[in-house]
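Shared between the two complexes below is subunit A, which pairs with subunit B and subunit C, respectively.
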Partner chain A sequence: MDWLRKSAALLAIAAVLGGLSVAFNPAARAVLLDAPRDHEITVAQAQALGAAALWIDARSRADFEAGHVDGALLLNEDAWSELLIPVIERWQPGMPVVVYCDSHGCQASRKIAERLRAEAGVDTAKVLRGEWSKVGAR
Partner chain B sequence: MLPRRLLAAMLFAAIASSACLAGLKWDNPEVLLDLDSSMAGGEAVFTFVNDGAAPVKILNIKPGCGCTVPTLEKSEYAPGEHGSLSARFTTGERRGSYQVPIHVQLGDGDVAELSLVAQIRELVKYFPANLVWPKGEKRAPKDVEFHWNATDDVKVTALRSVNPSFKAELIDGHDWNGALVRLTPTGDEVTGTSVVIITTAQGPDRRSRTYTLVARAL
Partner chain C sequence: MKMLKPAIRLVLTALFVWAAVAKIADPRAFQDAIASYHLLPWLPGAVATVWLPWLELTLAIALWQPRFSRTSAAMLAMLCAVFLVALVQAWLRGIDITCGCFGDSSVVSGADYLPYLARDAGLVALAVVLWRLEKNAAPVETDAASYNPLVH
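Then we have the complex of A and B:
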């Protein structure tokens, strides 16, 4: 049974080291905790889509007018019906869609992406995980 | 014994000083707004008291959504003074549940975290919202049923198809409380998309509430 005890001890040490790594190493934390979930896309993945993607800005009109991802369309729930029209006119089946908002407790991009998938058949809509301002020129 | 007494004194001093510097104490840091789609919005009121020994200044209030606008009676509160922060949530074309964080930045560097939870009950249910005519399929009419309770005050006031290649019409003679919307591509050769907007008037204030359908002929 000695091998069993040693294996358990090794596993425990590995678990502690793993926990410490997540707690203190930002890179490990980024990999484990910031990995994109379902219907999410990272800034790097979104940038890799290039001009093929349709970008949707889910913030208020005032925020949009102050600055947005180059070529993005405004779509929010203040005026969903009217703002949806240019999005549907532009989108083609299969075209990737990246929805973003501010990072500060922002739920808007998630809501907009959900509604695009459920109500408009835009099944490629994903939420940007990260800062839209880091997207840069496309 | 001396270190223990010293430790106790230090602990007491720490607790006493933290109480003195406690600043704003919030009575209700989370407020639930129970709304329905006939309502333009609602107001959440967060009340507080300055239970510290020094005046507290509120420097900035930042809601996590453009849908919420906070207002404050004044920015500085004396020790023992009560106050309230109001946050107006606008329904707009939102539906479902929203959790809006509100960050209140205080002059002493502290930040209070408040939460407004708005639940919007939709009076109108409809299905499907997305209609597709696959390639090669005959461009026959497709119907969408809109349902609402007889006790809810809802009326369709307008129906518009953005793309004239898709005809949208209200059909009478259905046996439920609500409306029947029929979409028809105007010819077998039609391809493309349209957004169809159904406008309703809801509630005693006849609030305008819109619903969208997406029609796609491939």
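Then we have the complex of A and C:
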């Protein structure tokens, strides 16, 4: 059973180090506290915007066609230039923009929101924090 | 053959220290990567985000500590096998993921999975080979704590 003791010791050392990182590293602590990040918007906040917000679906065309937030426009990296045109036509300065993808952890919405802010001047672009299906699908 | 064991140990250490440091440096990105696999609920995912990189680092360093090297090699093999299973299930389910393996945030989908699967399978094999070599080379363990010079 020596291997079991050694395995437990290694697992415990890692757990202690992880605990110390939570104690001393704010970024690690934010993971456990699920703290909001910059340019994020919760489902409740997004719903409160109502029709004033422009919704952007950052998933694939197939996923978009299978169901999306009512009134959302498709914009993904596969066809960025082509899909950006209707977004820019619809957006007006100051209009809130909510970008979403599959789930809380998907990266596509972050990337699209980042590109909208950096490349298209859509400085109001935020990432939806939570499931888009809770907003109202079509 | 004499150099095989230290060479594998060096490769595994370098890779796992790299992987651990990248994850420790940006825990939110690693949390997103874990979530993209659609495997764990939020809390276990958050705990894994904080704990896994330190486990990788601990195991990588423990490879060089004779008392722990064999156990560490076995645990690294199991860890890589778990990563491999996570990749395979995501691939089979057709999910687009962020690997999160070495701090890389690029999206993995479709045929992109193959190099990741090959790399993980290679890491499992390397760790198993090291475990076998450590087993064959393991000296009769002398337990310093139980050694009584008066008896000898």
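Everything that follows uses one rule, which is that the second predicted complex is superposed on the first by the 100 of 138 C-alpha atoms of A that agree within 3 Å, B and C clash if a C-alpha of one lies under 4 Å from a C-alpha of the other, contacts with A are read in each partner's own complex, and residues count from 1 in each chain.
Everything that follows uses one rule, which is that contacts are C-beta pairs under 8 Å (C-beta built on N, C-alpha and C of every residue); 3 or more make two chains touch, one makes a residue touch a chain.
Values in this document were obtained by computation on a predicted structure and should not be read as measured data.
Undergrad: Return first, second, both or neither, reflecting whether A:R37 touches subunit B, subunit C, both chains, or no partner chain.
TA: After superposing on A, A:R37 lies in contact with subunit C but is clear of subunit B.
Undergrad: So, does A:K6 touch the first partner subunit B, the second partner subunit C, both, or neither?
TA: A:K6 sits against subunit C, while subunit B stays out of touch.
Undergrad: A:A108 contacts which: subunit B (first), subunit C (second), both, neither?
TA: A:A108 sits against subunit B and subunit C alike.
Undergrad: Between subunit B (first) and subunit C (second), which, if any, makes contact with A:S81: first, second, both or neither?
TA: After superposition on chain A, A:S81 lies in contact with subunit B alone.
Undergrad: If we overlay the two complexes on their shared chain A, which of subunit B and subunit C does A:A48 touch? Say first, second, both or neither.
TA: A:A48 sits against neither subunit B nor subunit C.
Undergrad: What part of subunit A is shared between its subunit B contacts and its subunit C contacts?
TA: On subunit A, the residues that contact subunit B in one structure and subunit C in the other are 104-108.
Undergrad: Quick check on the complex: what are the subunit B residues that touch subunit A?
TA: Per the touch definition, subunit B meets subunit A at residues 62, 64-67, 90, 92-96, 98-101, 103, 129-130, 132, 162, 193-195, 197, 210-212, 214, 216, 218.
Undergrad: For the complex, give me every residue of subunit C touching subunit A.
TA: 24, 26-28, 31-36, 38, 42, 45-47, 49-51, 53-55, 57-59, 62, 67-68, 70-72, 74-75, 96, 98, 105, 107, 141
Undergrad: Sort out for me which residues of subunit A touch subunit B in the complex.
TA: Of all residues in subunit A, those touching subunit B are 59-60, 62-63, 76-82, 84-85, 88-89, 93, 104-108, 111, 118-121.
Undergrad: If we count contacts the way the header does, which residues on subunit A are in touch with subunit C in the complex?
TA: So the residues of subunit A in touch with subunit C come to 2-3, 6-7, 9-11, 13-15, 17-18, 21-22, 25, 27-28, 30-32, 34, 37, 102-108, 110.
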